[in-house]
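Below you'll find the structure, written out as structure tokens, and then a few comments.
Think of it as A, B and C in the order they're written, each chain with its own count starting at 1.
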Amino acid sequence: MIELAGLTKRFGTKTAVDHLSFQVRPGVVTGFLGPNGAGKSTTMRMMLGLDHPTSGTVRIDGKHYRELAEPLRNIGALLEARSMHPGRSAYNNLLCLAQSNRIPERRVGEVLDLVGLGAVAKRKPKGFSMGMGQRLGIAAALLGDPRVLLFDEPVNGLDPEGIHWVRNLMKALAAEGRTIFVSSHLMSEMALTADHLIVIGQGKLLADTSMAEFIHQNSRSYVRLRSPEPVRLREALTAGGLAVAEGPDGVLEVDGASTEQVGDLAGAQGITLHELSAQRASLEEAFMQMTAGAVEYHAHHGSAAGPVAAGPDAAGQAADGAEPRGPRWSKEG
Amino acid sequence: MASATAVLRSEWTKIRTVSSTVWTLASALLVTVGVSAGLCALSNATFDDLPEPERLTFDPVLISFAGLTLGQLAMVVFGVLVVGTEYSSGMIRSSLAAVPRRASFLFSKIAVAGALAFVVGLATSFLSFFLGQALLGEHSTSIGEENVLRAVVGGGLYMGLIALFSMGVTAMLRSTVLSLGILVPFFFLVSQILAAVPKAKEVARYFPDQAGSKILQTVPNAMNSDPAPYGPWAGLGIMVLWVAAALLGGYLVLNKRDA
Amino acid sequence: MIEAVGLTKRYGAKTAVYNLSFQVRPGTVTGFLGPNGSGKSTTMRMILGLDQPTSGHVTIGGHPYRKLPNAPRQVGALLDAKAVHGGRSARSHLLSLAQLAGIPARRVDEVLGVVGLQSVAKRRSKGFSLGMGQRLGIAAALLGDPQVLLFDEPVNGLDPEGILWVRNLMKALAAEGRTVFVSSHLMSEMALTADHLIVIGRGQLMADMSVKQFISANSADFARVRTPDTEPTQREKLVTVLAEAGGQVLSEPDGALRITGLPLPRISDLAHGADVRLWELSPHQASLEEAYMRLTQGAVDYRSTDDRKAGLMQQQPPGYLPPQPQPVVPEVPQQGWYAPPPPGQNPYAGGQGPYAGAPAPQPPAGPPSATAPGAPVSGGPAPVPGPAVPADAPPVPQAPPAAAPADLSKNEDPR
């Protein structure tokens, strides 16, 4: 359990984290989302006692970080891929950390095997790929077999097999009753991993809800229907007080209803359905919707600067009429 | 709190598992001993060509530490790297997450690295002394003479303190490059040059290296150096004050600043 | 158009790329997939003339890269975002590239605008975040307004807004008729971006087809069906009917049924015939990741998942572990919005989760609910309990992973 109470961090006049209060509960994977500059890293660093809060507190299982006698046994963290000495072997890097918290040396070999670095334990991280560095960081986080784990962008640099492994690792750790707090920019990855979400923007809490609830609240959801008897179905639904819209390819779309409701209505009339499915937006779409106002710096905006600028005149190419290319969801509205 | 011995063990592992420890300390020893030996041999051969005042105040002990001016730079590099690579590698975040009490972290590191530097310093100064005396022939002295043992042990202390001072400064600056960029020119150039400039040397003699190296002299105003307003132990005391200030500053910065 | 013919690269005794032939066509985004060490980077480097093929050749628009007239105007590449002189400002970095290729300086400011770095154009790239460095790399790739673009892990370090932007950028570039070749490890991202896939494993071509084809060729589509919770008998009835009709029926964590081997209308008719009302009948396509995993299973050079830690936590001497409260059995997450991989065929489901088999010292009184059908957290759907499953049903995963540490050693052998 991680508890934040009124956590605030100012750098000069800039408020990076602004009265943040939330709890990260054990037993589930909690995703931590926010645009760049939202204060995610600062928050995670304060959780680990690396940054001092300007005001407010963070408690790990009820204690301040500095009160933890051997913190690696309580909380493990993957903060940045490179937080190891490049000239000291992977094994010795972990050994230093283990010794400082009186973790038996045997454990170092165990976690290295666990993350798949057993064969390169004696090599220096200097020559590691980004993915290997990431695995080493994960090994460090697991070293003390902690009840609380923080992961900042855990899949950075991993290949699909590694990504899959990390995802299952986090879920399995949560299933053991541990507290798992993961920050990531990869919405599609988060959607597969996290059960609960904490979203911040410009240092403030924007949402603290379950994944399903978050998507539900921040995007349109509807029931999609296919039937060989569309006319009858439509009538039955309208009679049942539901608003029906025509979709592409003879699909019917019903807003504001559950599949149960629609299934019961159709069933009562004996109408055959070839599809009855709930359609929800992706986490990405919901996230974009929610943080639209809180993004600190945009790649490009407005119609003037389409992603592909006009070719240089010297190249003799006509400027292609760069049409506004808004985010996908805005088109689908 | 994390037990002190556990943190000390961890810091010892950190030091012994990087190659920079070996090459910095080895160069400190080899450079000091080598250069000293060379100068001793040279002095012995050309003793009669030395100017009169230098011949009168000839200090066979001090001359056998002549390589220290250069060798101490390796000690500076050692001290800087011990603390600086924590920052340059990002290891500092892992370290402080493991040992959140920053005093415990910093002073364990400094204790381990300082002890190691002192041991290597002592070995260096004894080697330097005996080899130097062997090469000085008739101008040599022996360890039993007055003040000689003090000077030789002092040489070891001096090297240890130089390393500690560098660690403190690096903890304040939080950067390997910056610390090396300041400390190496300071000890190798600035301090030496200022010490030779009339007015400036009044100040320069209170610099850590100038004050600390007083302990290496066994003859008053050895090698025709300027008389200092403090004795050998007082000089070393001045250096200790510098070191204490640097370490305190380093601790305050580490404690105050975000990692 | 990029064309590789019999491309081979050996480093000493190791063959990094072997007899690779493919075409990357204009007008689509082509994804380039493969496990670590499969030769992706080497291939990219050979395309760009950075490495010389041992044999075979690769051409861009008909010419080898080194013979391309004014290559920077024809090909843009984002290979390693860190290949930037850290001491230079973003703008002067781009300016030096532009001058080398005879591109007017005005274009530098254009691309800086495109990637959103105008406000930091004067800053040294040393202080850039990974995401900013990535944007700078993309700016450099766009500088010559090239017809052929190569991107290696383009979304690395970008935030969600940036990821969306890059995705749309690549699609837009392809829509303009350019050739866009993207390598990435993020399957979910690739599924949204690429139209066509080239998959390599151990340096050899494993697939060259559209994303749709790839997914259906390498995994099974299925239907999800839910019957009213209020009438459990209807569910059993439906399971029996579907099984008799030749469908394979499995149970999902939330009680829904996962059916393979029957088209949706047929399921609907069968339900109708059995007088079973449906609360859900939705088509699901397997994920790209799943399809990819299946295909490359044998070609992964180096696997992280190592089952040895099965005993990891049990080995701890008593007293080493922090006191372990009774494991909390998490609520099964609502999974309606994502299709769990089909069981049995899934190379990574179930017991292989690194920790899956290593719960804290097996709670002797492991809460019974932990082994209830709904409990597997990392695994696929649990087998349908009860008599409804025909005896010849496909093999289903073993008991939930948390309860089966003994199985782990077995899992290791087949691999």
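Definition applied: contacts are C-beta pairs under 8 Å (C-beta built on N, C-alpha and C of every residue); 3 or more make two chains touch, one makes a residue touch a chain.
Each chain and its UniProt protein: A, C = ABC transporter ATP-binding protein; B = ABC transporter permease.
All values reported here derive from a predicted model rather than from experimental measurement.
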What's the overlap between the neighbours of chain A and those of chain B? none
Can you identify the chain nearest the overall CA centroid, using each chain's own CA centroid? A
With chain centres defined as mean CA positions, report which chain is farthest from chain B. C
From the mean C-alpha coordinate of chain A to that of chain B, what's the distance rounded to whole Å? 51
How many Å are there between the centre of chain B and the centre of chain C, using C-alpha atoms for each centre? 56
Report, in whole Å, the distance between the mean C-alpha point of chain A and the mean C-alpha point of chain C. 16
Provide the list of chain A residues touching at least two other chains, using ranges where the numbers run on. none
In chain C, residues with contacts to at least two other chains: none
Two or more partner chains touched - positions in chain B: none
Chain A contacts chain B in the complex at 45, 48-52, 65-66, 68-72, 75, 77, 79-80, 82-89, 92-93, 95-102, 140
Okay, in this complex, where on chain B does chain A touch? 1-3, 6-7, 9-11, 13-14, 17-20, 85, 89-101, 258-259
Residues on chain A engaged by chain C in the complex (per definition of touch): 26-28, 33, 35-36, 73-74, 104, 106, 110, 113-116, 118, 129, 131, 135, 145-147, 155-165, 168-169, 171-177, 185-189, 191-192, 195, 210-212, 215, 224, 226, 228, 259-260, 263-264, 267, 270, 272-278, 280, 282-284, 287-288, 291, 295, 297-300, 305-315, 317, 320, 325, 327-328
Residues on chain C engaged by chain A in the complex (per definition of touch): 33, 35-36, 73, 102-104, 106-107, 110-111, 113-116, 119, 129, 131, 135, 142, 144-145, 155-165, 168-169, 172-173, 176, 185-189, 191-192, 224, 226, 228, 264-265, 268-269, 272, 277-283, 289, 292-293, 296, 300, 302-306, 308-309, 312-313, 315-317, 320-322, 324-331, 333-334, 336-338, 348, 352-356, 359-360, 377-378, 401-402
